[in-house]
Structure formats: C-alpha cells, structure tokens
Amino acid sequence: MEQMRNVSPDAESWALTLKQRWWAISKPFSIFFNAAILLLIALIFFLPFTWMLVSAFRENPQLNLAFSNFWLGNFVQVFTGNTAIWIRNSLIVATGATVTATTTAFLAAYPFARFNFPGKTLVLFAMLLSMTIPLGVVMLPTFSLARSMGLENSLVGVFLIIAGRQIPLSVWVLKEFIASVPMELEEAAWIDGASKMATLWRIVFPLTAPGIAVMGMLTFLVGWGDFVVSFLLISSEDLIPISMGIYKTSLEATAYGQLRINYGVQTAISLIYMIPPIVLYLLFRQHLIKGMTAGAVKG
Amino acid sequence: MKIRTVITFLALLSIVLLLAACSGAPTAAPSEQPTQAPAQEQPTEAPTKAPPTPAPTEKPVEQPTTAPESEQPETITLSLAHPVWFNDHDWTVTKIKEWEAKNPGVTVKLVELPSPDGPYREKLVLDLASGQGPDIYLADTFWFGEFAEAGYLANLTDYVNAWDDWSQWYDAAKSAVTYKDNVYGLNRTTDVRPLYYRKDLFEKAGIATPWQPTSWDDMFSAAQKLKDIGVKAPWMVKAGKVVGEATTMQGFYMLYLGCGGQLWNPETGKWDIGSQCLRDTFQVYYDLYIAKKLGGDPDNWLAGDPISNYRQMMQAGELGMIATWNGDWSGTFGPNGDFPLENRDEQLAYTKFPAQAPGKGIRGQDYVTISGGWAFVVNGASQHVDKAFDLLAYLHTKDNVISYYRDQPTLPGGLPTRQDVTNSEEWQSLVDDYMLWQAEELVPLTTFRPPVPEYPKVSEAIQSATETILLGGSVDDALAQYQDDVIRIVGEDNVTK
Amino acid sequence: MRKANWLLLLALPAFVLWAIFMVGPFVRGILMSFTNEALVGPNAMNVHFIGLENYRRLLSDADFYNSVKVSSIFVFGSAIVGQVGLGLLLAVLINRKRKIYGKISWAIALTTAIVILAWVTPAAVTGLTWTSFLNKYGVLNQIIGVFVGSEVAYFWLAKKPMLSIILANIWQGTGWSMLLLGAAIESVPHEVNEAAEVDGATSWQRFRYITLPLIMGPILVNLIFITIWTYGVFEVPYMLTKGGPAGKTELLTIYGYQQAFKYFDLGYGSTVAVGILVITMVLAIIYYRLLGRQAWNK
C-alpha cells in the first residue's frame, strides 16, 4: 500500500484503466475460479452425507453406498417405534437448556457490561477458564452431584447441567452485545421515569436480540446434540433423548457374539434428527449473521 | 454504602457456594456420598462370608405359597436389569409372570440398560455405586472379581447350597460363577468356541472334508493352500482392542490354551508374562498377519466394525476359518441369522480347535476351548435377596431351562449348565446335531478365565499386545509391552517371567 | 461504566448455575484426584486420601504424555489449520462486498448451506456419517475407486487414524469459523477497501494489508474458543477410533474418560482432568497475552 501512494496522478489513471481492462479480461476467469473453489468445498462437505441420504431409503444397507431399490420401510420402523417420545425428550432438554442459559446469562451479562465492581475481571476470567474443562472428564463428579440433588433420571437435571455449562460463553458474548448498546438510550428511559428493570427489558433486550439469538441457537444445538449427560442421568425408557435412541438402534458386538446394527433405521432416524437444527438455522439465519457481525466487530 | 453491602453480600455468597461445592467430597465421603453406600452397608461380609440374612427357604420354587401369609402386607418390587441385546426378553417376561402369580405382593420390573457391553457396564456400575442399582442384573462372569470386591454382588453361597438343584450344575459351570469360593450368580447356559471353516473352499483347495486339524501346523498348511486358491483371509484370529474381550476369548485364549498356557496360577496367584507358550501364541499372530499374510488385512481388526466384517467375509467366501462363539452357527450364519449362508450345511462346518501339537494343550489335551457367558446375579445392596434368589432359582429349574430351549422362536446358542437338562431326552430331541456335538465334544474340554478382579485389565493388555503386532510390531515388542502393562496392573511380585 | 448497585443481583442465577454445575463438579474432581476412589474392585470399599500419589503416577505415565501429544496435534491440525484456515478462506469467498458476489451468489448460497449443515449435525450423526465415509468399502474409497478404475479398500480409520479424526472435526467445526469470520469481514468499512482499490491494490493486497489487520481481533477470539473447544472434543473421535489403534488417536479426553469409565478409577481419572485444565489454562494465558489486556476489558 505504501508504494501505491507515491504514484503520480497520470500513472494512477493509467493504472486504473489498465486495471479496468485487466478486470474485463480476467473477470470470467475469476468468476469461474471462485465458483469452482466454492463448489469443490461444497462437494467435499456434502460427500459424507451421501451414505446417510441413500441408506435411509434402502433395505438393510451396509457401510457402503449401494443403490438398491428405493424403500421406505426404515421410516415405517422408525415411526412405529419410540421416535416421537425421543424427539419430545430432546426438545424438552434443548428448549429447557436454551431458555435457562440464555435468560440467566442475559441477566448476568448486564451488570458485567455496565458496572465496575471488584472481582469482575477475576470472575470473567474464571468463567473463561472453566470453559476449558471438558465434560468428558468431569462426568462422574457431575453425575454424583446431580444424583445427590435428586436430579437423576430427570430431564430437568439434564438441561440444568447443559445450561450451567453454557453460561460462561453466553455471559461473555452477551456482555459484549450489551456493552455495544449506547448507555444514553438507557439513561433517557430512566429520565422518562422507566424503572431499571423496565429499561432492561424494553431497551436493552431488543437491541441485543441478535446476540441472544446466537447464544440461544448455540445452546439449543448443544442440548439437542447432547448424548453424554443424558446417558449418565437418564435410565427410564420413556425419558431418553433421540441421540441415545439412535445409539439404541445399533447393537454392537459383544464377547458373546450378539450383533445387529440396523443401519437403515439408524440413518432414517439420523435424517429426522437433523431436521430441527436445520429449521432453527433457517429461522434465525439473519439474526445469527447480524449477531455474529456485532459480536465480531467488538472482538 | 448500599453498593458495598451488595458487594459484600455477593462475595460472601460466592464463598459460601464455593465452600459448599468444595465440601462435597470430604463431608459426603462418610455419609451421603452415594458411591459409598454398598461399602457402608456391608463392610466385610459380602465378599467372604454368608449373606446378611441367610434364610433360604428349603424349596423356594415348589412351595412359594407358604410364605406369603407373613409377607402379605408388604408389597415389594424387584428390578431386573439387562442390556438391550437381551434376546431372551420375551421368554423371561413369561416366566416372570408365572413367578409373580405364585408370589403375590411381589412385582418384577424389567430395566433395559444400553448395549453393547462397555456402555452397559458403565451404566450398571454407576447405578450400583449410587446404591440404587437393580436387585437382579445380568453380568458377564468375568466381571465377578471386580464387582464382588466392590460389594455389588450378593453372596448366594448359602442359598445355592440349600437348593437341591445346584448339584445338577456342571463343575465347570459352577466355577464360572464362583469367586474366592463363593457363588455369586446363576448361569443358565454357557458358551464354547469351535473352529468354523468354509467346507466348499477347503474342497476347492484340495483339502479333504470333514477336516479335523490336529496341530497348528495343520492349520497353517491348510491356510496356505487356501491362500493359493485366492482366499482373501485364509485363517483369521480375532485381534486388537476394538473387539475387546472377543480378542482374548476367541483369539488369544484358543491358541494359548493349545500350548498349555495358564494365564493366572490359582496356587501362587501369579500371572504369566514370559512363558514360551505366550511367545508362541503371539508368534502365531505375527505369522498370520505379518510374516505369512494368511490372516487377511490386519486393518480389519483396527477400526470400524470388525465383527460384522469377518461375518460378511465368511458369507462372501473370503474367509477360510476362524475360531469364534458357538452361537454364530445359527445366530449369524443360519437361515435367520444376520449373515445367512445360502446353503449353510454344505458351505460351513465346525470342528474342534487343535492344540499346538497333540497332547500339548492345557491338561495335556489334544483340543481346547474356553467358556464364558453371562449370569444372573443379585445386587449386594438389594433389600430382597431372598425373593431375588427365589426368582432366579425359578428361572433356572430343570423344567424352565428345557422350556427355554423349547418355547423360544429360535434355538438359543448357549449350552445348558445343568446336567439333568443335557441328559434329558426332551432336551436332546429339541436341539440340533450341532448342539449335541458341542455338549459331547467341547464341554468336557472347556476352561474358564481367571476369576480375579485384575483379569479385565490383563485381558486388555493382551488385546493391546495383539494390536501392536497388527500394526507391524515384532513378537518381542508385543511381549515387552504386555509385560510392562501386566506388571503395572498386578505389581512386580505377582508375575512369573 | 457506572458504579455497581443492586442490579448486580441479576448475575446471581447464572452464577449459581455455573457454580453448581461447572465449578462444583470440578472442585469435587480435584479433591478426588487426591484419593484412590474407584467404583469397582477392592478400592471401591476402601477409599482414602493418598496425597500426591496420582500426580506422581500421571507424571510418569507414558500414556498420558502420548495423549498430550496426540491432543496437541489434533488441536493444531483441526482447529488452527483446519477450522480457522478453511473458515477464513470460506469467509473471504462468501464475502458479500466482493465484486463478483452477484455472479456466483448461487454457489455461495449452496456452499454456505452445506457447510452450515455439517456444523449443525449432532455428534451422534457425525460419528455414524464419518464411520461410513471412511470405512474400508465406504463412500470415500468408492469415489476414489471411480477415479482409479479399480476397487480401493484402504482403511482410513486404521491406516490414517489421526487424519481421519482431524478431517471429521474440521468438517464439523468449520461452519462456526466461517460465520464468525465472515461477519467480521463484512464489518470492515467499505470505504477503506474502495480507496485502496482506487489506489490500484490487488485483491490479495487489499486482503493482506486492510482486511486481515482489521479482523485480527475476531480471529484471535475465534482461535481461543476453538482451541479450548477442540481440547474438549470427545464424542466424534471416540466414535470413530475409540482412541486407537495403539493409542494413536487417544486424545486427553478419551484417555481421561477411559480411566474414569472403563476402569472406574475416579481418583486417577480426575487427576487427568486436572492435567487437561492446566494445559488449556496455559494456552488461554498465552492467547491472553497475544490479545492484550484491552480486548478483555473492553
């Protein structure tokens, strides 16, 4: 950039026309080149899905791509099974976690964004650090804690644990969003006589909606995808979520020799399993991008 | 000023909260910590002595109606846990209903836990540790050591001794459910391991059938002939960590017993980490998978689903022979199996697995096999051991074991543990030639795994060592690694080099 | 910034949830790491404090060092190179402010949709999908087979286990980076870029000297989160390789999990957890230095 500035006006306009010409020539190539890279990436990302898409509609598929006759039997089996209950349970977990984590994190983010108080940095840093603890290695203490609180075999227990684990990230992100809301807006409302809670609800909340959408969606995805927490806490047949349901449809080898992996049913359920996240993304896409933009600018 | 109080309040609260979180462990340990529950209740009796309430009824099954009068007021619920794969579910439910009818006031609730074995065990142990486990559960017999030591198994010795039927159990079957001289469970069936081979491929390779190898050399030369006609995997031996216990039981042990190996010596309590037999066993792995390339691609055992894979290969005629679970004959390759062979009896055959050379096997045997199997056990923390045993006894009466074979849609793969069943005409008429052959030929040869808590970890060290060979390591590498692992598990003093 | 008042109480519910379900178990775990607590075997009946014994064992445990190495390769490959690198490339390609955006918007829409689809795919499905994709007779080999003209039976999960789990993780995680960095690039003021273009800067120069410095902040934030998340990744690699063969993909999480759940050795399993925290903490501090204080306190 430095050297560009030193070019004389003449040369500059010449360079401009040259550049325009170059662009005219290279534009088709550039379009082609860009589109090609994009499509290549799209293709590569799509390939792993093909087996699932094909096998869900085939009879007794194995772990390779085989185009036998189109067959809907897997779905019949899926819908005569417990799938509806599994979906319900997963929805309870995901929604519960989303509402709990997002609400509490939003409320908590407000003081963190607006006030200085002793220990603030410490708590924020502790929260960040706590995110580094993988669930996999604190599973047993988490489990025994939940048991001692009477949360075993309860969907509430599952979503509270998930929500608790989502709080640090949510607080961090929402804090940034709230900080970006001009304080004058709030102050104006106070002068008009609005209470502080009312201001929070009517001024701050709508302006941070994109951020809330982002965190809500992330938490929903975590809750919807959860396997580990449910596996630990849930033992009743009618409380298991769909992730465990998929697992149940597969039986693996034992020393004893039993085996039946029904890939047809597994892929069929998997397809159904993927619908809510997709719908959610389509619904919140605009918010998500807006939210990310706002969050990213703050960085 | 107001702000200060708020801050002070918050600070105090957070300290209290953190303290509460911290104190979870130390204060809970003696009292409320759920994992300790069994330990508190049965400090020493459980593993070594009689059950706390040694009042087994003389004939629990035949005379169940005498007891209820006193027990009428209390309604109890027994829970029975099993993994998802529990094939006998429907039959068991029928029998439980019958038993419930004879035991008013008792209801039995079936609890389905996940499958396969790993997750099943995880979930089960968590439940047991919290003191809320099922009253009755299905357990692999090789878990007995670890479970009994932790207090998860009720000692049933007095119950079985007071039960006439127990004398009908084969001694080998008894030892499968015995740990440190105490009986902890009832096993209805046990399994054995034959050698399966593709008859049609053997004939194509010019090997006369029926074929009965008498040494490992016989097997190697047959494998070589199969390789010559283009069979992808002439002789597979289960290996690697992915298939877990199957590697130890159906791969390693079948060879190791054939050169007289004894993994754990019950007299001295020492583990074998350096015998020639151990070396010979690993050498077979090396020859098959690396040196002579007779075992197919070693990758088959390293990831994915090796069990389906070998079954598919057997079906497709790409696998020559393999030692595996006896239930594969009907459950996998039979007409209703997962990988049916079109014309099984023409294509597939079974035979005894030979020792390294005649007479070289354990106890001087010419042929070897090993048994394992699952058993019903009673939770050490159960409040209703009497009733639980009563139910188990009912599920294992002679009539019901025969019914188990008669009243199920497909013939179960396991062999009965009761002599009076195997000797009964009814049972013999119910089962096929294959089952009779196993009962006659394999059961007398069978052996069991060491009934000690360290076994599962040692077994894993074996799996790991075979994996080292699959990845191209030498026999010495595998042995060295195995030695390190076992010494770490059982200690320097408990091994024989 | 105002002074604190009673509104601080708003933080209470979140704080309580966090303290109970995240801090609590970890503190409990730390305490466990000083005991021989186990759920099976003789130790289950005889739990007592054993001081630093578990830590001594950890520091002399070759498997633990192996896991540290494996995890670090995994994080470097899948998070730093893969997700951030590929995510940045995608973010640039889908940038709405580029001249050719209109012409290839259909390709952009398609790519974005598929990459996001991979991102929202639940772990259980990702595991299944990739198991089949990389299977010996799976889709990848079938496709290669079409090009090579003969059947390919290369078992990726066994032969290239680390590459396999890295690819699966990149596949799963890139969507997030793409969205985040894409948003960051779009927030770069249009005028700056235009001015540079008038000055004759090539698109690479514009990216290198204008866009990149401006989005360095978001990139670093993204790096922190992704590094931390990736150290904690467990489910998909476990489903694909179970840590094998021969420990080649035994991530720290898988190692800790096996100690805790296969052997039910809670004491030692918790010690591994503490080890993981120390490693990620060190990384967090390094990033913290890189970012500089102002970014945190903004």
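Note that the chains take the letters A, B and C in the order they are written out, and that residue 1 is the start of every chain.
We adopt the following convention: contacts are C-beta pairs under 8 Å (C-beta built on N, C-alpha and C of every residue); 3 or more make two chains touch, one makes a residue touch a chain.
Values in this document were obtained by computation on a predicted structure and should not be read as measured data.
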Graph class of chain-chain contacts, one of line, ring, star, complete, other: complete
A-C or A-B, whichever has more C-beta pairs in contact: A-C
Central chain of the complex, centres being mean CA coordinates: C
Computed distance of Cα centres, chain C from chain B, in Å: 38
Centre-to-centre distance between chain C and chain A (centres being mean Cα positions), rounded to whole Å: 14
Approximate Å spacing (C-alpha centroids) for the pair chain A, chain B: 41
Per-residue multi-chain contacts in chain A, two or more chains: 62-63, 117, 141, 144-145, 247
Two or more partner chains touched - positions in chain B: 7, 24, 35, 126, 304
Touching two or more other chains - residues of chain C: 3-5, 8, 11-12, 15, 20, 23-24, 28, 32, 131, 135, 261, 266
Sites on chain A touched by chain B in the complex: 62-63, 117-119, 141, 143-145, 147-148, 152, 231-232, 235, 237, 244, 247-248, 251-261
Residues on chain A engaged by chain C in the complex (per definition of touch): 1, 4-5, 7, 12, 15-16, 19, 23, 27, 30-31, 34-35, 37-39, 41-42, 45-52, 55, 62-65, 100-101, 103-105, 107-108, 110-112, 114-117, 121, 123-142, 144-145, 160-161, 163-165, 167-171, 176, 179, 196, 221, 224-225, 227-228, 243, 246-247, 263, 266-267, 270, 273-274, 277-278, 280-281, 288-289, 292-293, 295-299
Chain C-facing residues of chain B, complex: 2-3, 6-7, 10, 13-14, 17-18, 20-22, 24-26, 29, 35-36, 38-39, 43, 118, 122, 125-126, 128-129, 143, 145-147, 149-152, 240-242, 297-300, 302-304, 309, 453, 457, 464, 467-468, 470-471
Chain B partner contacts - residues on chain C that touch it in the complex: 3-6, 8-9, 11-12, 15-16, 19-20, 23-24, 27-28, 31-32, 35, 37-42, 44-47, 131, 135-136, 153, 155, 157-159, 161, 240-242, 244-246, 261-264, 266
Interfacial residue positions of chain C with respect to chain A in the complex: 1-5, 7-8, 10-15, 17-18, 20-26, 28-29, 32, 86, 90, 93-94, 99-100, 103-104, 107-108, 110-111, 114-118, 120-125, 128-133, 135, 137-140, 142-143, 171, 174, 179-184, 186-187, 196, 198-201, 205, 209-210, 215, 217-218, 220-221, 225, 228, 231-235, 252-254, 256-257, 260-261, 266, 269-270, 272-273, 276-277, 280-281, 284, 295-298
